[in-house]
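Common to both upcoming complexes is chain A, partnered first by chain B, then by chain C.
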Partner chain A sequence: MAGKWLPAAELTGSGRPVLQPSEVECSFLSSVDLNCEDNTNFPLFKSGLLILTTHRLLWLPDTTTAAATNSAAAAAAAIPLAAVTHIFTPKKSIKNMFSSPKVRFQVSVTPEGRVAERGSKSMVITLILRGKSDPDAFLGKFSEAWRGRAWESSGSEASSTSNSRQFGSTDGGSSGGVAVRMPVVGVAGILRKEQEMWESTDKSLQEAFQDLNALMSKAKEMVMLAEKMRLKLLSGSNNQTSATNDEEMGSKEEMQDWLLSVGIASPVTKESAGALYHQQLSRQLADFVKIPLEKAGGMISLVDIYCFFNRARGTELISPDDLLQACSLWEKFDVPVMLRKFDSGVRVIQNKSHSDEEVFARIKSLVLEPEALRTGISASDAAMTLGIAPAMAKEHLLAAESKGLLCRDVSPDGFRFYINLFQEINPDDVYFVKGHGIYAAWVSAASASASR
Partner chain B sequence: MQELGDFKLPPFFNYPPYFTLQPVRDTREKQVQLWKDLILNYCKTQNIFVIGLEEDSPLFTNPVIERSVSHEAREAFLSALVSDGRAEWMDKGHRKCLILWHRIQDWADLILSFVKENGLEDSVMTVEEIRSGPESQGTELHGMDRTVLMRALKLLEHKGKLAIFKGTPADEEGVKFSL
Partner chain C sequence: MRRRPGIGGLQTAAAARDQYRLLGENVAKLRTDLMKEQLVTFRSQLEEFARKHKNDIRKNPAFRSQFHEMCAKVGVDPLASNKGFWAELLGIGDFYYELGVQIVDICLVTRPHNGGLIKLEELCKLLGQRRKSAREAVSEDDCLRAISKLKVLGSGFEVISVGKSKLIRSVPTELNKDHNEILELAQSQGFVTVEEVQRRLSWSSGRATDALEILLDEGLAMIDDGHRDGRRRYWFPCVSSASSYVGADTL
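Moving on to the complex of A and B:
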């Protein structure tokens, strides 16, 4: 229904919008209605999450309270900023003071009434901000993003122009004063001199910050460069298929890995998301962990993810506490990953589909090998065979022990695990060994070592 | 199979986890049960009444696999025997443990049958004679622990089967049977 009037917005599995290249999120607002008075057929988009990006206005239905993500994906809508033709400044009146703040803007539409760039007709869309948000700040960001025209230029240019624009608008009043020169006389002269000094320090401060902004935009350029190189590498490897030898392919893959891990182009920040920070961070994290999780075999420790995630974010680092909060919010969303706490207190992220039984089966076959029957296995042995971190392997072994699958041997040689034989031994006849089974297998393995 | 003197050890004596106190409850219960049986069997065949926790008992060490039971684990195994009534701590510090592979009551029954078999129903014997005299030769009473013997005799005295009287030297206590 919405698709008829507004272009649909694509969502990731965890309900985060799929962003266009070099698109960056600027602001998040919750409980926003989107309405159009000019078109009577236009459906009312009620109480959703509004995301302002440098390219689009995205409206997402509220998934935390109701409805599965699937239906949400169908209803999410986007208004390209390119289609916006005018943003109205709200009139300050007593009437407006008591109702929810509204933001109105004009968009171009096709003759059929669908929002599109360079449409022949136009209509007015109203945003009703019901949440506890600052409408003026949003309006500022909105018009800034609109005037930034990031969708036209390449990403790096867009951010630097919008940044300089931002600085221009905040202190436009003071810079105007320098233009008119006044004679330096009397008290007024001293005051003016003081004023000039003020302004010059202000200016140098500005320049300093501009350098910082330039650095930030350079960082963004780097991300784009990495992305370009990756694409080139990809197309390169497709063209020359059989000619390349394995080693070259290996190094290429490694290079690709490096480039891929350079960055998350639009990291969720406290500044952009505000009160919705943890919620949005949680969703972004859920999307992010998929690849490292797959590589780690379905389970990864929180510490590792913290490193990976912050490395991908580059400068917008998050605190361990934020990470923990983001992970614990997963329970409320329909995401395929979950946070798990082991009895030892170690916290890990795992796929919901990840099953312990599978791991236990692999551990069991590992400890039943003749060598392991005789000498047991250590956490690092298990880590090597299972292809996971030793700390994780130890957690798995301890879990298997608590299930009665394994038992431990603590000696000066170290901490090792053996297949649990205690259940196999008949307490009424301790010398009896059944003809076949685990106990017999162990006895033969152990006597083999004794005779050597 | 390994042997300790003439005692045949079970195969799992070479199983390293047998020497580590298992933390998981079910596994631990099974392990403790196996240790209790082994301790009682061993003490019975070797005629051992007292196990010192700080002494090196061949039972708690396996040189073949280079494992030995920790002090904590030894105490756990013996405590399990104590709560079964098959052992008693001899001091508050739990350093020495009296192993009762026969309960006191069973020892008392053994004494009674010994008395009957030898026709000693109305005779007088010293405690030392019961432990090491020619009459007890070849029975389980021979060489038994004095503390255990005195406990069994006191139990019988309580039932009116005999009377204990003090001899002139303190250790020359005598017993008058009256069955």
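Moving on to the complex of A and C:
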């Protein structure tokens, strides 16, 4: 129903919005109603999470209270900031003091009434902020993001980048400049071009790092320059391996290391998310751990994730306590990962699919082998067959024992585990062996060894 | 260039080609040198900005992501807080958290070589290289303090003492694959010694001792100090079937 009026917003598995390239979240507000008075058919979006990004206003239904995630994902909506034509400044009056603060803005719509960029008609949308939030601060961020017009630069960037790259200079390559320049002819021309290029790079570097504001305005250019340098240096390493000294190798290695750590473009911060910080952090973390978890084989220690996650966040560090809190919130959401604590005090993150049931099934097939029926298995046997550390295997075996799957035998050989036969033995007739089943298999395995 | 006939012509052409090639090489070399120089400037400037304007950068989310991208691309660690008065005194502020992240990072990077066990001195040295821009050196005490902040995340990451030196273990016992290798090694004769593990798997003595001690604690190994050569043997009754080591004992 919402899709008719507002563009839909995509969500990740853990209920976080899927952001566009270079889109960054600026502010989070909880319990926000989204309403439109001009259009009577416009559905009321009631009490949801509002996220302001540099590109869009996202409205997500509140998933913590109730509702299946399927319908929630369908209802998430987005208003591109590009479609916003005017933001009204709220009138201060006594009447407004007693009602929830409202933020009103005008958007352009198509003749059918759908919110879109460059629509011919317009309508007014009202945000009603019911949560405990600062409407003025939000309004400030809203108009800042709107005036920043970040969506424009990311859209047109592709074409301008390719142009300036072809000219090999970072000064934007204005067409007038090329005409005035000396024609590039012969070796001297190439050399001169080369020189000009370096001079311009030097100059732009100097300019960009004068102060923070200069760097901010030149940020895009500098990112491109950094990318160019990285590519050249990395490609250079393949061609001329002989002429590399130690220091150079070091710097290259450093760069390759760092490649791994580019990650979360829009980290959830205390400043942007406010009271929703831990909840949003938890969702972002759930999305993030998928890849490292896969690489580590379904289980990874919490300390490792702490490092990966913070590296991906850049300067927006989170403390170990925040991480722990984010992990413990997973129980409340529908996410495919879980936090697990071992008796030894080690905390790990594991896939839910990597769960105990699956491991028990493998252990069971292991102890049912004829050799194992006779002599049992030890933690190290299980470790080698399951491809996990012995301490882990022991943990699994003990868990399987407590479920009644295994029985232990303590001997000079150490702990050995056997399949639990007691379930199959009839207490009234202990000598009765059924024609099939585990007991029968055990009897035949044991008698085979006795006769040997 | 006009083509001239005869051997003389060929020789001139070859000479000219050589000259071009030489020039080309020079230009290429000059280019990489210049590039390196600019990269050094770029890096040092970024490092300086990361330190000086940390709070301003954090305030602006859009710029922050661009700044991170720059840092990542030219290989600058954006974590460069100074220790500062409050961090030193009360242990608050980002300094020790940053250090913690960098320490875990180093442990992760060196894990393929050392199996997740690193000497405190070595860690400090590597940390110093990472933080070369920061003015103050990082002491071993700072490292220990940063590591203690990670305690909340479970006991997998810890400082252990082997002999006189301190080691940092970053792999929890539950996820340690070293033990599997020792078990495999022990399969042939039922026991191993520290020296044997060191030699056969080319591990450091700390790594071998630590792994064997853990296996002992876990109840998987038994020690035997009574052998003639005076070396402690770690027996693994579980890996070899009973008959094989009874046979070996009677020999």
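The working rule: the second predicted complex is superposed on the first by the 247 of 452 C-alpha atoms of A that agree within 3 Å, B and C clash if a C-alpha of one lies under 4 Å from a C-alpha of the other, contacts with A are read in each partner's own complex, and residues count from 1 in each chain.
Methods note: contacts are C-beta pairs under 8 Å (C-beta built on N, C-alpha and C of every residue); 3 or more make two chains touch, one makes a residue touch a chain.
Bear in mind the structure is a predicted one, so any value in this text is a computation, not a measurement.
Novice: Which partner does A:Pro427 contact after superposing on A: first (chain B), second (chain C), both, neither?
Specialist: first
Novice: Is A:Met229 in contact with chain B, with chain C, with both, or with neither (first, second, both, neither)?
Specialist: second
Novice: Figure out whether A:Lys394 sits in contact with chain B (first) or chain C (second), or with both, or with neither.
Specialist: A:Lys394 sits against chain C, while chain B stays out of touch.
Novice: On the A-aligned overlay, A:Ser22 touches which partner chain: chain B = first, chain C = second, or both, or neither?
Specialist: So A:Ser22 only meets chain C here.
Novice: Which of the two, chain B or chain C, is in touch with more residues of chain A?
Specialist: C
Novice: For A:Arg192, is the partner it touches chain B (first), chain C (second), both, or none of the two (neither)?
Specialist: A:Arg192 contacts neither chain B nor chain C.
Novice: With the two structures laid over each other on chain A, which partner does A:Trp442 touch: chain B (first), chain C (second), both, or neither?
Specialist: Only chain B; A:Trp442 stays clear of chain C.
Novice: Residue overlap on chain A between the chain B contact set and the chain C contact set?
Specialist: Shared contact residues on chain A (touching chain B in one complex, chain C in the other): 412-413, 416.
Novice: Which positions of chain A touch chain B when the two form their complex?
Specialist: 376, 401-402, 404, 407-413, 416, 418, 420-423, 425, 427, 430-431, 433, 442-443, 446, 450
Novice: What does chain A use to touch chain C in their complex?
Specialist: 22, 24-26, 54, 148, 150, 187, 190-191, 194, 198, 201-202, 205, 209, 212, 215-216, 219-220, 222-223, 225-227, 229-230, 232-233, 236, 248, 251, 254-255, 257-259, 261-262, 265-266, 269, 271-272, 299-304, 306-307, 310-311, 314-317, 319-321, 323-324, 341-342, 344-348, 375, 378-381, 383-384, 389-392, 394-395, 412-416
Novice: Enumerate the contact residues on chain B facing chain A in the complex.
Specialist: 1, 8, 10-12, 14-17, 19-20, 22-24, 26-27, 30-31, 33-34, 37-38, 64, 66-67
Novice: Please output the residues of chain C touching chain A within their complex, sorted ascending.
Specialist: It comes out as residues 20, 23, 27, 31-32, 34-36, 38-39, 41-42, 45, 49-50, 53-54, 56-75, 78-79, 94, 97-98, 100-101, 104-105, 108-109, 149-157, 170-177, 179-180, 183-184, 214-215, 218-220, 236-239, 241-242.
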